[in-house]
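Structures given as structure tokens follow.
Common to both upcoming complexes is subunit A, partnered first by subunit B, then by subunit C.
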Partner chain A sequence: MLFNSFEFIAFFTIIALIYYLLPKSLQWIWLLIGSIFFYMYSQLALIIIPLSIIIITYLCGYYIEKSAVEKRKKYIYLAGIIANISFLLLLKYFNFFSLTLTSIFNSVNTAFFKSAEQTNHPFLLNLAVPLGISYITFQAMGYLIEVYRGTHPAEKNFGHFITYLLFFPKIVAGPVERAHHFLPQIKTGKSFDYDTIVLGLRLMLWGFFKKLVIADRLELYNSSVLDNYSHHNSITLAFTAVLCAIQLYADFSGYTDIALGLAKVLGFDLTPNFNRPFFSKSITEFWRKWHISLSKWFLDYVYTGVTISLRDWGKWSPIFALNITFILLGLWHGPNWTFVIFGMLQGLALTLEFLTRKSRKKLREKLPVAVNTLVGVFITFGYFCFSLIFFRANSVKQALTIIGKIFQASKGSIFIGSVSTMFYAIIGVTILFITEYFQENHPKFLLINNRHRIVRHATYVTLILLIILFGVFNESQFIYFKF
Partner chain B sequence: MEKADALRKVQEIFIDILDNDDIVLTYNSSANDVDEWDSLNHIQLVVAIEKAFKIRFTSQEIQRWKNVGEMLDCIIAKNA
Partner chain C sequence: MKSNLIKAVKSLAIFILILFIADRAIGYFIEKLYFKQKTGDLYQTTYAIKQAKQKILIFGASRAMHQYVPDILEQKLHKSVYNLGRDGRNMIYHYTVFSQVLTYSHPDLIIIDVLPNEYSWKTRKEGEDGMISALLPYIDYPEVKADIGQIRRSDIILSGIFKTYAYNSNLAQIFGYNFGVLTASKNKKGYEPLYGTKLTVADLLAPGLINMPEMNEEARNYFKAFLNKAKENNIKVCVVVSPVLPVIGSKNCISDMRRITEGYGFKFYDFSKTGAFADNSLYYDQFHLNDKGATDFTGDLADTLLAK
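And then the complex of A and B:
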């Protein structure tokens, strides 16, 4: 059930109406029923997998806290982490590792034993990937780490714990919520609050605008170019790379706004995932503003641990930790070398920025602020678009061909495709960037949250009209649902 | 060692490592209050503090601090 489908809107309306009619002590049970229904509506039998993960994680958390012996705590903790990783590896990455190992084995075989005719075929599993598995396991592991460190108490109420991990507004594509932020919110009943609900609905409206008007419109153009990438010239491919970055942002930040808005209507605060990333002046800054809940997870649970344990390596410690962290963050998106390279490119940029930070600081002091900002934003955005070619491509070979074609500088004019598609998309993108420009530089200038009713209502009407007139209503998936 | 002395010494380390003479630390300071104090520099600060005070923190200790004050308590406890 997609957020941008009519059946979801019907589902959510029923959930929200009954939610506020129920006594506060029963509200979380209603959310749990709704979340299980939401999950089983898409994947009936597969709910057994998240439920198994939740039961194991709950029990491990409980016994880590209960156990008085340090060694025992550690074993239970490790068992919980290994169980979560095993679920993830088996269901999402098994074929990737099997294929990689078999191809290494075959090349060794061919190179040393010249037995090319006896190639081994990889052993592949044909498993369906359960909805939101990467998000559930990451939240579960974060919870276990906190309980083990003693920074968060183990949750005693099993019902609250399932609701935390299955909460339907965030199950399919996050945000990756921390236990200490989410669990206390389940424990308090919510009263009907008009202002909060309106805030939630505004977020959803803005999210739907980004998804339906910008992302889905750009998808029409981007896929038409990328499906025939070998027939397009360098300027078209470079332009498409930029549009892919904008599409991904509109899609994922649109999804996140809808998720946050849905949760807000139910009285919950979820972690924002984006903070106008395209205004970042460096890749380091970019990763503090892009998919924040995930990059913060990796920062706290992977990067920090690695730097601390390797701190005697001097400056190599953060460099090594950064690169490992971003390779894993890339691989988190899916079992493909394209994501590994995407992660490596982030690690490379962050390493260069780390090594040159003092000289760059001196350079910045000599240049006017406007020049610094423009150059920084331009390079950061360009580099991210470049790295996204790997993210978007189906294979490394395809990505390299596209990059090769871009840098060949082949002649010819830019491919526009359908003029109306491009025109509507540009209107949407312009509105998005002007809005974000004001949010970034003139935060007092408000439209959708303006004090004056006329401005607010005019904004609602404009956005709704834009969605109706220019939106793409083919109920297309959100990109991050597949991760 | 007095907490105030430790604070002064830590502040000097911050000024040196982060290359910014304007840094003024209080017990409540955290990474949010100092521009250059980010996750990349953090570990270098920790190493410099360990060297200056001739102590060794455990990873749990490092991960538990919420502000400069908590870090100073940890330094003083180890130096006692």
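And then the complex of A and C:
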């Protein structure tokens, strides 16, 4: 059930209406029923997998806290973490590793034993990947780490715990919600609050605008170029790389706004995932503003852990930790080398920024602020667009071919495709960037949150009519749903 | 809680009223502009839906619209002709438009231009989206409404709620043709010539093989349904694969279309490999003849029709 479908709108309306009619003590049960229905509507039988993960994590958390012996605590904790990783590896990454190992084995075989005919075939599993598996396991592991560290108590109410991990607005593509932020919210009943609901609906409206008007419109152009990338020239491919970055942002931040809005209507606060990342002046700043809940998870549970355990390495400790963290973050997106390289490129940029931080600071002091900002934003955005070629490509070979064609600087004019598609996309992108520019630089200038009702209503109506007139209504999936 | 609820209901009512008024006002304004057009892509559909009463009608996508010259066919065949081709549409669209034409007219002959890979739509959805976006402004016509409803019921609901929804994704063209930013040929009976060539050296050196996805069974069924409808209404059909520069994948598709067409007792002509159209100067791009090429091709087609 996609957020941008009629089924979902009907489902959510029923959920929200009954939710506020119920006594506060029963509200979470209704949310749990709704979340299970939402999951089973898409993947009926596969609910067994998230439920298994939840049961294992709940029991581990419970016994970690209960156990008085430190060693035993540790074993239970490790068992919980291994169980979660095993689910993820088996369901999402098994075929990737099997293919990689077989390919290495065959290459060695051919190189050293000259037996090219005797190639080995990989052992592959034909398993369906459960919806939101990466998000569920990461939240579950985060919970176990917090319980083990003693920074969060183990949840005693199993119903609350399932609701935390299956909560339907965030189950498919996050945010990666922390237990200490979410679980207390389940425990308090919610009253119907007009202002909170309106805030949620505003977020949803803006999210739908980003998804339907910008992301899905840009997808029409981007896929038409990338499906035939070998026939396009360098300027078209470079332009498409930029549009792919904007599309991904509009799609994912649009999804996040809708998810946050849905939760807000039900009285819940979810962690924001984006903070105008394209205004970042460095890759370091960028990753503080892009997919915040996931990068924070990796920062807290991977980067910090590796840095501390390798503190004897001096300045190489954070560098190593950075690179490991971003390779894993890349791989988190899916079982493909393209994602690994995407992560490596982020790690590389962050390493360079770390090593040159002093010289860059000196340089910045000599340049006017405006120049610093412009150059920083331009380089950061350009580098992200470049790395995203790997993110978007189906294979490393395809990504390298596209990059090769971009740097060949082949002649010819830019491919526009359908003029009207480009026209509508430009309208959407312009509105997005103007809005974000004002949010970044003139936060007091408000339209959708303006204190005058006329301005607010005019903005809602304009946004709705823009969605109706320029939106793409083909119920396409959100990009991050596949991760 | 109660005061909150009253506030919410009051606000919602005011908001819905403002939205309703704005949508209707803008919707009526766009509707006026839409049906005021006398040329261009959108007008092609309006003409097909309301007034294509000629004896010979040409269906197809851009390769119909830019390659069949009605005047030449009229001269040689002595019958009235209109080209109903429209850029970027496929058999789902043609089928519905044909059904609608049959509600007010009975042509003698239908010429339908098919791609050498007509069945190989990237996805069925692409064809459906193309059909729906082109035909939503005509939702009041029962044939159109029924066909759209079968594909995506949500579009019927949305266009019932929002008057502006029928013109989704068409605003640029509506304004463009009404205010002279976009122009199209007048009095060419639906034919839209392409002049000169934009073939590049790379296109000429390596026209290459354009690989297309495998056959799509739904697309095949729509093709059969189109021919079936013509057969039921005793209308002759001539299926044509017009000239094309690159080698487009799937020989199976052409032979299957030929088999189906001839199975209905209709004629099938494949010009895609005709030597006379191997001359690059006749092409606007790899897939479309220019005006000179279209004139030659239409003449050849008329002669073929006369000879058989």
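The working rule: the second predicted complex is superposed on the first by the 483 of 483 C-alpha atoms of A that agree within 3 Å, B and C clash if a C-alpha of one lies under 4 Å from a C-alpha of the other, contacts with A are read in each partner's own complex, and residues count from 1 in each chain.
Keep this in mind: contacts are C-beta pairs under 8 Å (C-beta built on N, C-alpha and C of every residue); 3 or more make two chains touch, one makes a residue touch a chain.
Because the structure is predicted, anything quoted here is derived from the model rather than measured.
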Fit or clash between subunit C and subunit B when superposed on subunit A: fit
Partner chain in contact with A:Y460 - subunit B first, subunit C second, else both or neither: second
Which superposed partner A:I468 touches (first subunit B, second subunit C, both, neither): second
Inter-centroid angle subunit B-subunit A-subunit C after superposition on A [Cα, multiple of 10°]: 160
Residues of subunit A touched, compared between subunit B and subunit C (which is higher): C
Partner chain(s) touched by A:I308 [first = subunit B, second = subunit C, both, neither]: first
Subunit B versus subunit C as contact partner of A:T151, first or second or both or neither: first
Which superposed partner A:F112 touches (first subunit B, second subunit C, both, neither): neither
Superposed arrangement (fit on chain A Cα atoms) - minimum subunit B/subunit C Cα distance in Å: 37
Set intersection of subunit A contacts, subunit C complex versus subunit B complex: none
Complex contact set, residues of subunit A against subunit C: 5-6, 191-194, 197-198, 227, 412, 418-420, 423-424, 457, 460-461, 464-465, 468-475
Contacting residues of subunit B [partner subunit A, same complex]: 19, 38-40, 42-44, 46-47, 59-60, 62-64
Subunit A-facing residues of subunit C, complex: 1, 4-5, 7-8, 11, 14-15, 18-19, 22-23, 26, 88, 122, 125, 129, 154-155, 157-158, 162, 164-165, 167-173, 200
In the complex, subunit A residues that touch subunit B: 149, 151, 284, 299, 303-305, 307-309, 311-312, 314-315, 317-318, 322, 354, 358, 361
